[in-house]
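The structure under discussion appears below in the form of structure tokens.
Think of it as A, B and C in the order they're written, each chain with its own count starting at 1.
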């Protein structure tokens, strides 16, 4: 503790961590239920993942290996800052490799590699209440959760179909957890929704500004809401990753020039790198390799 | 057979807005009407003819007495019945042809006439067909049938009203000046309709100011002046 | 009319602290029966309506309701889940201001379909067909199904609110000044529509209004309220043609004749 003697381990004081752990235990016990907790001020602004950071700080131990991603990437500002933060205040080992990490804090993605038992995925959540969009009263939405009144969720999907001819919601797509609570999976693309279903990893969700924690324990049913005649589907990409040739992964569009040139590449940078290291090459990857 | 039996009806209005003064209207109103008989209330204006008709139909409450109507093999006292019973009696036992049509916005003349049948479960097309027959009989031009009667002339409205009142088969029918604003030809039609109701065994109680009509339809005249309240000594 | 009532209200009393809302209200409502509650502002008619519709808890008294399974339940002893289920399936509530009863930012179709989705309908096509059917019945053009009620006129909004309430086939509908705040010509249309729907569907309804013409046209029976008490009750035409109480006489004589 020499270098950072002024910090308690993982920044938060022990009482706070205990309080948050209690909230997490309750959240695990009631999958999908939003547990209120006393969110603390963190040394970063709201919107930068203060909820996720507090959850991570409360569960992390000296032996953990931490990975942080933002939109699937390990090298964006948000991911780099949070990784550096924990390296400093908890002196834990960090990694960019999904397979090596015991805790993965994420914003907007679930890694492509299947998560395993023992791993914990911590989501940063801006708005935890899936019903808020149509019912702004918190007193009312709590009642609706308590009484399992979820017709309103389908009103939102109905509006999508009426307006666009299909369910146009592509991220923060509502799910029902273990047949009981409807949950906002945070602004991950709906592409990732099926990965939540019966995942072997523990999934924890922290909303710092909104003071809520919720969880999906391993092997829990997570079902995306839909209509019988408009079933849930995930996004489909016409072409594989331009760099590693991967199919059935979530791709980001990258603009290459100001003449309309663009390419689609893996949003999960670690996944893409690992594949390229293993010799997989996409259309533009060959050119890159040739240069 | 007595279809309607009125016993000792009494009515006094208390006008609270005029210092609570009491206006006795009638007392000891007593008469019977048999099936197939038309009884006409006689007497000058203000003698209480209209009030008696309204008490018999339940529009006015009574201070005493009974209005016994044969219904389901029993005699039911409409004057003391609860609102539901009154509504049941009005549906099945006693009809009313009022002087003025209370128009409902947007409802066509044909449907105004057909409605009493529809409410009683007659198929809508059948009800409209019979409504058309009634209106033809009363010489209401067919071009008016599809229009709401609110803009009709007094005579046209009254014919719609008569058609509506006569379309059902109520064993007791109250007639409140049904011929008041009709021409001679249509008065004759109504007289014919009343005669037909008599043949069907309907007991009728009416008010007719037109002496010719009264003479034609009345089997008996009950003079209302006999029910005038005795002035308290 | 059925021989068994739908609702039995006894000694219903509501105080706001020490201030009286309504007191000792007793009546029975039968299937297919429309009851009007009339009185001036502050007479307690809206308090009574809100208590009857279980939006307010009474201070004392009870309201027994014959549920769809024929069991009699005191509506104030239902669990919140039961009560909320009842209010969005077997009951309706038509607010004076349609914005209070509609979701103004979702389409007309979704407004009508919400109750269906709430009771578990999960087939978009069927929900939409039902919504279209109901829009037709309340005379809202089919091509407005995807428009938000924000873009509707007052009369259309009110008709939409009625469709939204009736879509689950409720047996009892509460209405709070359903024609208040509408132009006279629009009122007439709405009244006619209500009258027709109530008749066709055999609905029971409790209608609060200060407009005696509305009471005359819609209701079978009426209760006149003053100072929180029911001062006169009976057949609608009896109360209006032969008012007994001083206050009722005043009300009736205050109607403007056209």
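Some observations on this one:
Convention: a contact is a pair of C-beta atoms (placed from the backbone, for glycine too) under 8 Å apart; a residue touches a chain by one contact, two chains touch by 3 or more.
For clarity, every value in this text was computed on a predicted model and none was experimentally measured.
Chain C has the Cα centre that lies closest to the mean of all protein Cα atoms in view. The most distant chain from chain A, with centres taken as the mean of CA atoms, is B. In terms of their C-alpha centroids, the spacing between chain A and chain C amounts to 47 Å.
Here the CA centre of chain A is 77 Å from the CA centre of chain B.
One simple way to say how far apart two chains are is to compare their mean CA positions; for chain B and chain C this gives 32 Å. Of all residues in chain C, only 1, 30, 33, 188-189, 191-192, 195, 199, 216-217, 220-221, 234-235, 237-238, 241-242, 244-246, 249-250, 253 touch chain B in the complex they form.
Chain C contributes residues 80-81, 84, 103, 105-107, 109-110, 113-119, 122-125, 127-128, 145-146 to its touches with chain A in the complex.
On the side of chain B, the complex with chain C involves touching residues 13-17, 20, 54, 58-61, 83-84, 86-88, 102, 104-107, 119.
On chain A, the positions that touch chain C within their shared complex are 134, 143, 147, 149, 151-152, 154-155, 158-159, 161-163, 226-230.
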